[in-house]
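In this document, chain identifiers A, B, C and D correspond to the written order of the chains, with residue numbering beginning at 1 in each.
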Amino acid sequence: MEQVMTNTMGFPILSSLIFLPVIGAVVLLLLNRTNENLIKWVALLFSVGTFLVSLPLFSTFDKTTHAMQFVERHAWIPSWNINYYLGLDGISILFVLLSTLVAILCVLISWNSVKMKVKEFFISILIVESAMIGVFCSLDFFLFYIFWEAMLIPMYLLIGVWGGPNRVYAAVKFFLYTLVGSVLMLVGIITLYLYAGRTFDILALSKLILPYDMQFWLFWAFFAAFAVKVPMFPVHTWLPDAHTEAPTAGSVILAAILIKMGAYGFLRFSLPMLPEASRAMTPVMIGLSVIAIIYGGVICLAQTDLKRLIAYSSVSHMGFVTLGIFALNVQGMEGGILQMLNHGIVTGGLFLGVGAIYDRTHTRQIADYGGVASVMPVYASIFIVFTLASIGLPATNGFVGEFLILLGGFKASQWAGVLSATGIIIGAGYMLWLYQRVFFMETNQKVAGLSDIGARELAALLPMVVLIFWIGVYPTAFLGFMHESVRHLLERVSDGGVHGVSVAHNVLEILK
Amino acid sequence: MSMLPQMFFGYFASAIVVLSLLVITRKNPVHSVMWMLLLFFHIASMYLFLNAEFIAAIQVIVYAGAILVLFLFVVLLLNLKEELQADRFIGTWPAGLLVSAAIFVSLAAALQKFVPGPKGNFTIDLIQRVTHTKVLGQVLYTEYLFPFEIASLVLLIAVIGAIVLAKKRMRSH
Amino acid sequence: MVPLNWYLLLSAAVFSIGVFGFLTRRNIIIMFMSIELMLNAVNISLVAFSHYLQDLRGQILVFFIITVAAAEASIGLAIIIALFRNKNTVHVDEMHEMKG
Amino acid sequence: MENYLLIPFLPFAAFLINILFGRAVLKEKAHWVSILAVAGSWVVAVMTLRDVLAGKTLNENVYTWILAGDFKVSVGFLIDQLTAIMLIVVTTCSTLIHIYSVGYMHGDNGYYRFFSYLSLFTFCMLMLVMANNFLQLYFGWEGVGLCSYFLIGYYFDKKSASDAGKKAFIVNRFGDFGFGLGIFVIFLNFGTTYYAPVFAQAGSLAAKSYNFLGFDVHLMTLISLLLFCGSIGKSAQMPLHVWLPDAMEGPTPVSALIHAATMVTAGVFLVARCNPIFSQSETALVVVALTGAITSLFAATIALVQNDLKRIIAYSTVSQLGYMFLACGVGAYTAGVFHLYTHAFFKALLFLCAGSVMHAMGGELDIQKMGGLRKYMPVTYVTMLIASLSIAGFPGLAGFFSKDEILWMAYSGSSPVGKIVWASGTLVAFLTAFYSFRLIFLTFHGKFRGTHEQEHHLHESPKAMTIPLMLLCVGAVAAGWVGIPALIGENIGIHNGIAEFMKPVLGHAEGHGTHGEELIVMAVSVVVGFAGIGLAWFMYMLRPDIPGKLTAQFSGVHKVLYNKYYVDELYSAVIIRPTIWTAKNILIGVTDAKVIEAIVNGVPAAIGGVSRQLRKIQTGLMHHYATIMAMGIFIIAALMLMRSW
């Protein structure tokens, strides 16, 4: 098949990535729960091991083609034509790498902050890692759905067991929100499966030409799942609660990977499978994105809770991502994908940072801080890097992504570009205000005498800092992965699908 | 043709029905158990008419001998005096009556349509020749060996389960 | 010869009486006895079938039913003992732990 | 010229070394790294200038920065006449101010931090001026903004300082918003963001109109005005000038380097750099000229009544920056850049002198509490006096030539608003002379009005501080001599060097007037300068009671001026508070809490309510369950019977 390149590694690298953390979880299961140090070290060992295994992906990926690489395919449930089918292209590869990296950082940052049920905690982290990688690797819709849902359970536990005071509410909300969306997607998947002649093959489905009405309804079915995960306005309200209540590692995984899965879903499914509907829905999607950017940003200005503020900033930043994707041009889409990565790095870093200080103060209220820069200078310097990347300062990764998105958005719709650009101003406003209230001004009694971050925390934060500057200064290293895949995807979106006016189209016209 | 079988059947059938009614209507559980004992003997006799000596024997040994004794033990463990003063039936017993009557009617109605299937190989002659127990044993230990083993397992579990359930909880510390 | 249907009618009658007992009695032990009644009703029809159809499988089934009845009785009675120990009653309508 | 990369990257290396090792290893020696690096940059910059003078220019891409589809931009460097002169300005001021800081910041516990920020700033500023495309310019642009943020908020434990830093950054973001859009429009129309092809095509696209947000507008005007938004923010022009006076919360060397000599002039640099675009749009030029004129007048009036030493100089900076825009707006880019260049010296000098005064006064900034300081600190007095004379346009000093050039170009140029801005510029020249000397007289003359303790401590600053003062003083005097106008130069055999030098980049604006007119313009500006000085002398030396009376007489006006026309209060009431109010009360309070959350929590609540009712079916009584089950059996049996009948 022209869309597939065989796995030249001679080694099932993607399966190893998926199952190595699972093996780690099983090993942890067998360990004595009283020996917490051993548990932590084993968890670290397996996460680092997975990361090391994933590195060859980065170096051996062929950037000159949009074809799927490192492909593995085995029949799984032949009677339903379900396959164990894995592969990576330029869109997904970066997220696999980010997942393996983030898992290490999560283990590191949770080293001392998790005090109860340590064993179960690290098992959850490893299982989440496995599911994250699985989501990005799957080329079979059924397999994808399994990983997609499998991710929910450990995530639900992470929030509900190790979270803050209001954790059960947040966990249930998170679970129900995402499940409702996923179930609608499942209906969509089954519809596609039956229509396409009983196949779950994502690549084959991406070549189908569906009638417009069907595309229209499928688009909204998928939208339900992906928009909740992103989260787009107005289905974003689970995110602040989940982020706020989740333990540090949970927030980091949520921010860095989980909410990327929504945007990834749009890229992998909505756009190539439903090109015409995607084109027709562009105004709606761009509109929602712009609302999210401004709405999320303005709401941040009134937050008093550290993690909640960063959570709402995620809404704003993910608005940029969806804006870029639905700009449907090269700059927007590459910017969007890069910004997904950036947001993972930056917001992941911010949550790691907040976690580091939360371990010391056990308060999330911004008002309880102040003058942290005097007591923790190293920490303050690292946090300012995340802050600046978050507001898109040139030479940090945030700039490259946001610039390309705004350029693409401006190209697609000038109003969208102009309105979204105000998000940059608002972003600077709330992030710098946050930084000022936490790090500057007179030292608050509650933070006086705190110790600066140690080597372990530094090890968790530094990779993010390095990535921020790496992508900011030399983004070609990362953009290079996606050129071909994005070009291919855009070709599909622009000439795929059937043409013709339909009922759904008219409905949309009236709505507009 | 003699009317004798019909007369015997008439007696046993009416006795079984009357005894059943007695079992479920007695206030004192001990009386119920006693009537049930008598009921089981009648049922065993009925099996004899049907050339099922072994089953009849088991009916007496297992039901009358084992299960009913068990019931009796339990009944005696309980507080009989209180029981004698309490109401027999629940307040809404007519509903139960209605439902059971309806079931009886539907079963009886179904009988009207009942057509027996083709006959098998185990004629009365064969059973009488080989003896009932041996025939049964042959079938049970060949064709039904596996279910038989499972039945033994079920009993074992029941025994263990009963001990565990009925045992007094050990006080922790 | 007694017709098969007579046996079946008897079986139906005993079964219905068992149902009636189970549905209306308050004493859980009597309810258990009602269950035994119903089982016996089934046994009667099985043996009758076996006889009239000249097929031993009916009796094999009776054999297993008796086994299960024995197991059920032992477990059930054990439960009753445990229940009585905790609640000090054998009256079913006084137990409503499962109330929603 | 081959080593041009050293110019920005030496300071960058110094930044890295200081930020990584400053706290633990270098400590009080941190300045050595930075000073050596910046001095090295200066040496290379001078060599580069020599090459440029010899006619060599350079435009080179180092590596591809961002590539996405047809959008491609590199990290690349352009060295031409404009860059060269900016390099000299930046590295010279930076070097001197680095040295000055050794004395000024001595003993501060963030010593290494200060020097690393200064070096980072120098790096960003150099990247800004050396860029060969708009995106890299934007990088430097935001980079200097960031350093400004750090340095204004250097004393971050002070709320006012951290507020000021944040304010500077965010206000600049408003300008950058337009700047960014400008880059988008440039890319969409020119297909590139490199200077050379954009400027080359500017002429051919001069007549093009462009649909922007549904309006058909003249493309060049649109681009110019969007870019000018950035300039307004960075160079603190109306209406985004509010951050610069507050920026004085930073240490004085910072004010001198960033908020006087270099960063704030980046806006002027941008306009000058983009002169091929601006020149295509008369509308844009008029806007630039008027903005400059209004800002300069507006800031000068505020400066008249302020009492804070540094804030007066800050408003003076805003005012002078307005002058530069005024020059650009009338098409005299060379004059604007010339003023930028001279201004860098005398304004940096003014700030450093102010720093020296502060040093002596123990941080006191209120000029009403000073007086008579010339006795105690002669070097500071003399240098500051020269700087003030320079800014007031004393003939022969640097400020005289550049200011005169601007006024003459405004008067004689082809700009439709030329005469108006000339008049306002002349008025500003008068006001400038007045408030500059008000400052001098109140600070250095008369009797000391501070406390005894302060008087006891008065002393001249250490050598590390006075030597840079003297060196800058040379600049404040002599920097203008490269641009002596033909009118005077012809007689003494010197031609206007800078105009010649800048011609390839900035073009040559011709004045249309006779020598007689030029002489009159020059004379007017000299006269108003002296008049200003004289008035200040009269009011603050001869009749010190007049200012008080005037204040009482015009208390309304004074109040408005003293409170800076209430612009801060206006922004707070119109932008900041409504936004936060909306966030708190509408977005969080209504949309999120009442609308979305109501739906999100309402659906489960409704389901829960229904099931609470439904669960009453579960009586928990075994008889009920059994009866239902028996009924079920009956129903199934009955159904099957009916089927068979």
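Methods note: a residue touches a chain if its C-beta (ideal position, glycine included) is under 8 Å from a C-beta of that chain, and two chains touch if they have at least 3 such contacts.
What you see is a predicted model; the values in this text were computed from it and never measured.
S.K.: Can you list every chain that touches chain C and also touches chain D?
M.R.: Both-contact set = B.
S.K.: Of the chains present, which has its C-alpha mean closest to the combined C-alpha mean?
M.R.: Chain nearest the centroid of all protein C-alpha atoms: A.
S.K.: Return the distance between the CA-based centres of chain A and chain B, expressed in whole Å.
M.R.: Averaging C-alpha atoms per chain gives centres 66 Å apart.
S.K.: Can you give the whole-Å distance between the Cα centres of chain B and chain D?
M.R.: 101
S.K.: Can you compute the centre-to-centre distance for chain B and chain C, using the mean CA position of each chain? Integer Å is fine.
M.R.: So the centre of chain B lies 7 Å away from the centre of chain C.
S.K.: Would you kindly tell me how far, in whole Å, the mean C-alpha position of chain C lies from that of chain A?
M.R.: That gives a centre separation of 60 Å.
S.K.: At least two other chains touched by the same residue of chain B: list those residues.
M.R.: Answer for chain B, listing residues that touch two or more other chains: 90, 95-96, 99-100, 103, 107.
S.K.: For chain C, give me the residues that contact two or more of the other chains.
M.R.: In chain C, the residues touching two or more other chains are 19, 23-24, 93.
S.K.: Residues of chain D touching 2+ other chains?
M.R.: 623, 627, 630
S.K.: Could you list each pair of chains that touch one another?
M.R.: A-D, B-C, B-D, C-D
S.K.: Tell me, which parts of chain A touch chain D in their complex?
M.R.: Contact set of chain A toward chain D: 173, 176-177, 234-238, 295, 298-302, 329-331, 334-335, 371, 373-374, 377, 381, 388, 393-395, 399-400, 403-404, 406-407, 410-411, 414-415, 417-418, 421-422, 424-425, 428-429, 432-433, 436, 439-443, 473-476, 479-480, 483, 487.
S.K.: Quick check on the complex: what are the chain C residues that touch chain B?
M.R.: The contact residues of chain C facing chain B are 1-2, 4-10, 12-21, 23-27, 29-30, 32-34, 36-37, 40, 43-44, 47-57, 59-60, 62-64, 66-75, 77-82, 84-85, 90-91, 93.
S.K.: Give the list of chain D residues in touch with chain A in this complex.
M.R.: Listed in rising order, the residues of chain D that touch chain A are 19, 23, 63-71, 135, 138-139, 141-143, 146, 149, 153, 156-159, 161-163, 165-166, 169-170, 173-174, 176-177, 180-181, 184, 187-188, 212-213, 579-580, 582-584, 587-588, 591-592, 595-597, 600, 604.
S.K.: Would you pull the chain B residues touching chain C in the complex into a rising list?
M.R.: The contact residues of chain B facing chain C are 1, 5-6, 9, 13, 16-17, 20-21, 23-24, 29, 32-33, 36, 39-40, 43, 46-47, 49-52, 54-55, 58-59, 62-63, 66-67, 70-71, 73-75, 77-78, 83, 86-90, 93, 95-97, 99-101, 103-104, 107-108, 111, 114, 116-124, 135-136, 139-140, 144, 147, 151, 154-155, 157-159, 161-166, 168.
S.K.: Tell me, which parts of chain D touch chain C in their complex?
M.R.: 615-623, 626-627, 630
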